[in-house]
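There are structures below to look over.
In the two assemblies presented below, chain A is common to both, partnered first by chain B and then by chain C.
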Partner chain A sequence: MEKFTKAFPSKPLRVPKDRQWALAGVVGSGNLEVMFERAARASDTMECHVETSIPGFRDSWLAALADFARHYPVGGTKVTIHDQGAAPVLVNLRLRQAYDHLVKTKP
Partner chain B sequence: MSQLHLFHEQTARQRIAAVTDAGSFAELLPPPERLTSPYLAQLGIPVSFDDGVVIGHARIDGKKVYIAAQVGQFVGGAVGEIHGAKLTGLFKAAARDRVPCVVIIESGGVRLHEGSAGEIAIAETMRAIFECRARKVPTIAVIASDIGAYGGMGILSTCCDFRVMTEHGRLGISGPIVIEKWMGKKAYDSSNRALVWKTSGGKTKYLLGDADALVHDAAGAVREAIGKLLTKSSPVTLKNAKARQKELEKRLKRFGKTADPDDVWKGLGVRDIATASLASGPEFAALAKAGRK
Partner chain C sequence: MGTAEIAVRRRNKSERLDRVGRLARGKFVSPKNVPELLKQIIEHGDIVCLEGDNQKQADFLANALASLDRKDLRDLHLVMSCITLPAHIQLFKKGMVRQVDFCYAGPQGTAVADLVKAKKFPVGAIHTYNELYARYYIDLTPRVALIAAAKADRKGNLFLAANTEETPAIVEPTAFSDGIVFAQVNEIVDKLPRIDIPADQVDFVVEAPYPMHLQALFTRDPAAITDVQIFMAMVALRGIYEKYEVQSLNHGVGFNTAAIELLLPTYGEQLGLKGKICKYWMVNPLPTMIPAIESGWIERVFSVGGEVGMERYTAARSDVFSTGRDGSFHSNRAMGQLAGHYAVDMFIGASLQIDINGNSSTVSKNRITGFGGAPNMGCQPTGRRHPSKAWLKAGAEASPGPGALPGRKLVVQLVETFQAGRVPTFVEELDAQDPSIKKALHGVAPVMIYGDDVTHIVTEEGIANLGACRSIAERQAAIRAVAGYTPVGLKRSKRVTQDLRARGIVQLPEDVGVSPSQVSRSLLAAQDIKGLVRWSKGLYDPPSQFVDW
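Moving on to the complex of A and B:
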């Protein structure tokens, strides 16, 4: 098990505040769950907390998260991830799904 | 939710949304509460925000219900301390408020990583179910996924007033692999899917009277079956328990020595095994009913 936390610069989230959290994925083999929450803190960073069962891939995680924060306006959010060995492409997909759930008015 | 989705392919939250009135579901102890398993964390196993079960209240045809759905992909939907406590609390709330309670089961039973705590949690949930039944508050188990309801969750499902199943659902105590380990591959081959589903699947359970409804693998069909049962309850009385015991004795006498599950189907009205195997939920039920006449 490896845990780490890091914040990444990102453009502020531009959606109404009625939705406070959103979830995508499930903690299963080769899968992960991603939860977006609105953070009380700075609106220009995405705060990330990762827990993964596969140690040793911190650099890949940080690169994937930094890339996501650069491409999507997710400043002012907190992202928590529980991972059970997902491939990077799936991490990216789950982040996008959770973001979609957060910004869409209807689930 | 679209009818194009198969119920067994949906996620726990999608299933709840699909069987309840649009937008009526309010989740209790939602993911941001982070009620996760302390045991899994100690063992270095990833935890889940909801500990593998979604609970809350919603409306079905305007009528308030408490509802839970297990997440089969997270440690096989297995019940740990937190997971079990969420179920216990939900049924206790149902008994207190006299509101029907529905549980969509997808679980292999107790989570072995927290065995004793999980066993106790299931026992407490059963007690809460009987509190509901003593007050004539309907309790309904839905068993409609390949994981099914096994171990403690299999027993728990039979404590409820009613069980709604699809042909995908399976109901039992020991799972197929466990039976094979104890009895040998000759006695029970767990890799033989036809055998496994014919002994523990929804169709057989419906024929035997263990399931009260056998429906199509679609949220709309599951919802309709739940709706019909929401106003009914099956009282726990000595008379009913004795009658049930008689039924089970009769079943044992009739099929106890049978090695081929097809004999059970035939004995309960199925005339053409091949046609019945291909028939889906209600069509299968109709075939068996016609065959008994």
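Moving on to the complex of A and C:
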């Protein structure tokens, strides 16, 4: 088990205020859960909380999250990740799915 | 060869046949006499072809050969496409082999790597399929070929059933150069459904005490397809199939391409691509193609081999599959490989490792597998002259030049950036470049597909269009751009990646109109094996290991 928290610079989220959160994936073997929530904090950072069952991949997580924050306007959100040994290729997909849910679907 | 030498070969053959004496009655040999007969018809130093195809195996004859010893037979020069069985490995362990020339060692890859380490694997070269068959006609002509067929009649005509595979490519060069052809069959009958090999080319037949071994290689359970594979399949469909209007193609046999097959009747239909793409195939009868066939997407399939359980379905769909006069399925590996080389616009498959130049390999230090057919299809057929939309479009993107071909085949690698167990697919240097492996192969690294031949790499991160790159540095940057969070990918420059994206050389999923939120298992036309059986109207008979109902 490894836990870490970090904030990344990002452009402000442009989504109606009534959309408070979005979720993708599940906590299950080889899978992960990604949850976006609106944060009260600065609107120019994405705050990340990662909990992963497989230690030793912190650098890869940070690189993937930094790229994501740079690529998508997610400033003013808090993202919580519970990883149960998901393949690295699944991480980005779940992040993008959760973001899509946040910006496209009704709450 | 002069006439005197030919006469020697012919005389030598009749001497061998004379030695057989009462071990055979005409062409027919009793199973118990097989080891002794092999001693009489094979001589020390012979080139011997032991039929081990991708799927069917002359396993009874292989076991009989492996029951002999160095004192009986030695210095054999084995030529065989696939090293598949424990009996094949025994021949090396017993020191009976002087040289081996082969293509593929999938199931015995670890054993082969061990033999290489122990210096007990005197390899000539690892070949591609058609390359080895071609050499059977030139400098690797077998003196004795030990082959496998489904049935023989009382004259020695052979029926090969669904798995013709490479039998004709072995028998013809052997029979037409005074070699000896010895077939094991499952059954001897009065009348064959059809004749695939004429008795005239067959010297001996044994009814084996057990049916020949058939590897079920190409059955992919839709239930095991992941969300990421569905996502990549969508990216490939839009970014490659739709863009180039790919009409004729070959698919690899992994889950990535199985996902594409299962998306055609759903996602492909929504995109309005039916009738525009994927009409003509060189591929084995993959069960995951059943929904697309039943939905009317596919005009024609030609196969290099069969697939266990697809016999009744393929016979019922003779409008799509190649079938004999008897109505049953027919395949041919040499001709299928030729078709895959010249007659299709795209090869798409996966690999275990890809280096920064786009070279790929499935070899690791502890597992030497070889190639099989991928390189014959995953390469640029520079002898091609007929145009097609896809070929011309890919050609137009490539470096122009007065001596350049007008078209290019699409050679696509569809890979996730990591393999199982968090092993990166992308590496700076292939394991195949390991000095000890290269040394065993006389200086030639076993590269499966060369980077110069690859036009696209598709990962979950996006598409790298290598065919449109203008320099080696650009190609390396494009590969790093889609290599995700592997060490190779982490070295990418954001500025260069942006520039490549602006020029369309790197495309992200959203650039081709694919959003991760569209990913859903419900897009797979069949969710599991049972779903495939249902699509086939009960004509597909899955192997028992896939049946859980």
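Here is the rule we go by: the second predicted complex is superposed on the first by the 104 of 107 C-alpha atoms of A that agree within 3 Å, B and C clash if a C-alpha of one lies under 4 Å from a C-alpha of the other, contacts with A are read in each partner's own complex, and residues count from 1 in each chain.
In this text, a contact is a pair of C-beta atoms (placed from the backbone, for glycine too) under 8 Å apart; a residue touches a chain by one contact, two chains touch by 3 or more.
Every value quoted in this text rests on a predicted model; they were computed, and no experiment measured them.
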Tell me the contact category for A:Gly28 with respect to chain B and chain C: first, second, both or neither. first
Once chain A of both complexes is superposed, is A:Ser53 in touch with chain B (first), chain C (second), both, or neither? first
Tell me which partner A:Pro9 touches in the superposition: chain B (first), chain C (second), both or neither. neither
Sites on chain C touched by chain A in the complex: 226-228, 231, 416-418, 420, 422, 459-461, 484-485, 490, 515-517, 519
Can you tell me which positions in chain A touch chain B when the two form their complex? 1, 20-21, 23, 26-28, 31, 33, 35, 37, 51-53, 80, 82-84, 107
Show which residues of chain A lie in contact with chain C when the two form their complex. 54, 57, 59-60, 63-64, 87-90, 92-93, 96-97, 100-101, 104
What part of chain B is in contact with chain A in the complex they form? 11, 13, 17, 30-32, 44-49, 71, 73-74
